[in-house]
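Next come two complexes, and both contain chain A; in the first it sits with chain B, in the second with chain C.
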Partner chain A sequence: MCVRFEPSNVTEMNDWIAIGALALVGVLIPFGMMAVSYLLRPTVPETSKRATYESGEIPTGGTRIRFNIQYYMVALLFVVFDIETVLLFPWAVAYQDALAADIPLVRALGPMLLFVAILLVGLAWAWRTGAVQWARTPRQLESDRP
Partner chain B sequence: MAVLELPDWMALAPALILAGTALVLFLIDSIEPHSTNRTLLSGTAVAGSLSSLAVAVWFTVAGVGATGIENYGVIDIMNGQFVVDQLALYFMIIIAVVTALVTVASYDYLQDHTYQAEYYSLVVLAATGMSMMAASNSLVTIFIALELTSLPSYALVAILKDNRGSVEAGLKYFLIGALSSAIFVYGVSLVYGATGSLQLTRIATVLESGDGAVGEMGGLLGLGILMLIGGVAFKTASVPFHFWAPEAYEGAPAPISAFLSSASKAAGFVLAFRVFTTAFPLEATTGIIGVDWTLVFAILAIVTMTLGNFAAATQENVKRMLAYSSIGHAGYVLIGLAALSADGGDLVMGAAMMHLLVYGFMNTGAFLFVGLAEYWGVGRTFEDYNGLAERAPFACGAMAVFMFSLAGVPPFSGFWSKYLLYTELINAAADNTVLLVLAAALVINSALSLYYYSRLVKALWIEEPLLDRDRLAQPTGLYAAVIAAAVMTVVLLPAFGPVADAALEAAAAVVA
Partner chain C sequence: MTGGQIAGAATLPSAPPAMPLQDTVLLPERLGELTGLDGFGLGGELLATFLAAFIVGNLMLAMTGVAGPWAKRKITAAFTDRIAVNRLGPAGLFIILADSVRLLSKELVIPENADRPAYDLAPIVVASSALLGFAVIPMGSGIHLADPEVGLAYVFAVSGIASLGLVMAGYASSNKYSLLGGLRAVAQNIAYEIPLVITGMSIVIFAGTLQLGEIVSAQAKPLLTIAGISIPSWYALVNPFAFVLFLVANFAEVGRNPFDTPEAPTEIVAGYQTEYSSVYFVLIYLGEFLHIFLGGAIIATIFLGGPAGPGPAALGIVWFIIKIWAVFFATQWLRSAVPRVRIDQLIEIGWKGLLVLSFANLVLTAVIVGLIA
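The block that comes next holds the complex of A and B.
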């Protein structure tokens, strides 16, 4: 394999120098701040400073808990709308131009209507099968019964 | 015959019908959630896959996408993002057949199951992805089709939510699938980086012309191709990404194992055939990356078939045995890609495609028989199957047909497809010793496979049962699917010539 080097040019700065300088500054700023505050601050050791959230709730239990499946359902439903927007946006931008260029309405509007209809079927299905219904504990179900 | 003028996009009808069926299933489930109307749901899925099959067969017979004097040539959709030719239609037929068999069999297998509509819609969605994959002609559409195939498959493997084996299999399948998808898409990005195009024919044009910087990026392109092969290996359950297969097939419900090991494998192979014949023309690519990519496939083919067959021979569990045997068959089909370097390589590829079609019937049937055994609840090992023939002679007769056909014993069609593969390989091997090694490996492995396939037949027909059984139920759907698969394995014999010609022609059209 042959490796080529650019002829060294003193007047023109290599692009990578700028990136390197940016990275250097990016590292220096936080460490500089930490160093300065280390030099200036008084040392008052206290146990409550070791807490995860110094001014918040006292955490209990481990971090590996089970999340309600409902969060995932909401996230998945979000994807439906997200994808819809991603495709609707470029279509909306091109729509006027397409009509101006004498593309028939069926070809300009039809595919997008079909796409939205497919997503609507998905949404309706999710709604109908209870994806947007907040999951209930067995005890809540018990109290609902007549 | 009256000439029907259809718009170009209608050529994708086999895949579009499947997509429509999935939406109809969603609508049915929306109207009546958690429906247990198995006849309606299963019937819709079967009707959808059968009409997809009918349209694909009709298109093939009518010469849609065929090249030739009286035909209109390959149909190009959305500026070459999709292409419908004989290869695409051929694989659409395989996929629709397997989907139909699986959905028929699921009617009984899913009795008392909670997620009926979800199951069928996922199966049909996965089939849509596979069907689209057959027609995809750009790395983007291929990747989308790949994901559309994979995502429902993960859920389907784990659909028996209360069964630990099923959930474990689903998780393993998902993790390995996610890894290989990542590798595949990274390969796509490298190929795009080297050639500046995602559409397969345009990649080939760039490689052949050697425009721009392609010539200097052989390493990048080679790595990209290697990663694409990784993605293909996962989908087809070949070495080095084969190890998910025994786990996933064993844990999954048997119809899903049948679906994955036949249809999903066929989809993986059509991806490989399409990408490697269209996008990476051999001479130009070898000139740039310095390595002949058929060599990689030759090595993979030998390792895959040997590993699959040796591992299958040591199994005690019937489903695992079938899983390893399906790895072995992936090795046989990989020969089709390995032989492309020689003259007559297109014929070898056609023979490999023919083997895939036959395999679609016999392997699906074999897994569905395991599904039948699971339905009866007889157990999973060879001993548990002892003497089943006394109680269920028809199903066991069908299973014997599948086993001998898989092993390649004459007169079953599995023998003829292997024989075709072998003779074409020998013809092509005139000036290429690597192919002779492949042919030898094919024969040795086939002979070895006879051992473990006949072991199952012996257990079914000759061994005495371990314990007395009551009468076994005769579930209509499962029986119908198993018998239909067996009948097709036998009926393919008289039809073998024309079908094989269609496969060879389709392969020749793509390679040329």
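The block that comes next holds the complex of A and C.
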């Protein structure tokens, strides 16, 4: 496929060059600050200074521990919904045009509603199984008791 | 009547009329013309582009400089009936310079168990990812770096990179508070990212485009006229419900009160930034402020008409900065006025409350737009 240098094509290219330039600036600014700080700051090594902060106590145990499964559950849920947002964006952009082109509402809106409905079933499942509820209410604790 | 409306709505994205607020010439080209750099071929164009990026980056840096050491203290002091910084310069403004020197000249203490490459990279990721989003924001007065067609999706995507930086900071510090803070930050960011994007999508339905320049110019149309004063169709006025949803989700997304659980000082010291000192601390702090401003910039762009305001179009940047600062002021107001929610409450508000409401908003908007059209 040949690249034609139409005006729109050129600006589109410039857009991403400009974004790349800002990315470069965005990296140069932190490095500049780090360089300035390197010139200004003192270095006074001391053995206990580098100990992990644990409210002034001697740190106990490591950090590479098993943490709560709850964090994984919401992350899994997020992946589903995030992909869904990516898939919905094209629909949102095309929706008005589709209506203007006299495509019936059922065809323009129906598939999106079905898609969202399927996702909401997933959310309802997560809701029921307690994936998005991290603390038990007193009533739930009561009913858990044998 | 309705036929005309449909045609108007449909041709809106594709027809760029001579809107006084819409700058079709982006900042790199404008600078290229102004400095005569565009006469030097590709190298000159690249230099002009870099210059433009440098201006935008430093504008945001300057705003953060004013906000962090000075405005934040002044606002909080006003809320708690104090005076705050007032010794250096007029209204204590020189504290900005004094504080930047003070913070940068602190000793850099790196914890002994830190996971080195990740520990060092995290502040840079947090700071630069926040800056990236400003590339596509139309700030008025010709300050608009790039206007790609995927603008809004791009902004949401790059502002999401910060979560990676935060979890890197939390995990690599090898500190229990940091780990908890990092995990909380991610759980919170991903919980509120979806309501944010879904609500943004309900605006895309109106505008019919993701290009931020087009979204801004679409808001210049008059909504209604009361006593000769024409009210523009800012999407905050067209759909106030979406505006409120977006605002709340945004406060959670940037981790401000009442959703500041990732760095809740009374629970986990300072969260992911507990082990960071000196320039690394400055960078993480900078990134957080840039994120507040980026959130404000997105809100201003898609809900408040971007740089639109009374007066000539050259004042655009002034209005834009006022709108961003209004959002910043709101975060500081909430900081003084609203108690923090617990992490489990936060997750429930996000997944059971805001997510459902934002889907309801999206579906309702789509149905109403479909029925009117």
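Simple rule for what comes next: the second predicted complex is superposed on the first by the 75 of 146 C-alpha atoms of A that agree within 3 Å, B and C clash if a C-alpha of one lies under 4 Å from a C-alpha of the other, contacts with A are read in each partner's own complex, and residues count from 1 in each chain.
Operating definition for what follows: a contact is a pair of C-beta atoms (placed from the backbone, for glycine too) under 8 Å apart; a residue touches a chain by one contact, two chains touch by 3 or more.
In this text, all values refer to a predicted model and were calculated from it rather than measured experimentally.
Q: Would you mind checking which one, chain B or chain C, touches more residues on chain A?
A: C
Q: Which partner chains sit in contact with A:137 here, chain B, chain C, both or neither? Use first/second/both/neither.
A: neither
Q: Looking at A:122, would you say it contacts chain B, chain C, both, or neither? Reply first, second, both or neither.
A: It touches chain B, and chain C stays clear.
Q: Taking the superposition on A as described, I'd like to know which of chain B and chain C A:78 touches: first, second, both or neither.
A: second
Q: Identify the partner contact of A:67: answer first if only chain B is touched, second if only chain C is, both if each is, neither if none is.
A: second
Q: Where on chain A do chain B and chain C both make contact?
A: Common to the two interfaces on chain A: residues 127.
Q: Within their complex, state which residues of chain C touch chain A.
A: Against chain A, the touching part of chain C is residues 6-7, 9-10, 12, 26-29, 45-46, 49-50, 52-54, 56-58, 61, 101, 104-113, 123-124, 127-129, 131-132, 134-136, 145-149, 153-154, 171, 173-180, 183, 186-187, 190-191, 193-194, 197-198, 201-202, 204-206, 208-210, 269, 274-275, 278-279, 282-283, 342-344, 347-348, 350-352, 355-356, 359, 362-363, 366-367, 369-371, 373.
Q: Per the contact definition, I'd like the list of chain B residues that touch chain A in the complex.
A: Residues 23, 26-27, 29-31, 33-34, 219 of chain B touch chain A in their complex.
Q: Using the touch rule from the top, collect the residues of chain A that touch chain B in their complex.
A: Of all residues in chain A, those touching chain B are 1, 118, 121-122, 124-125, 127-130.
Q: Which residues, counting only chain A, touch chain C once they are in their complex?
A: 11-12, 14-19, 21-27, 29-31, 33-34, 36-38, 40-44, 49-55, 62-65, 67, 70-71, 74-75, 77-78, 81-82, 85-86, 88-89, 92-93, 95-97, 99-101, 105, 108-109, 112-113, 116, 120, 123, 126-127, 132-135
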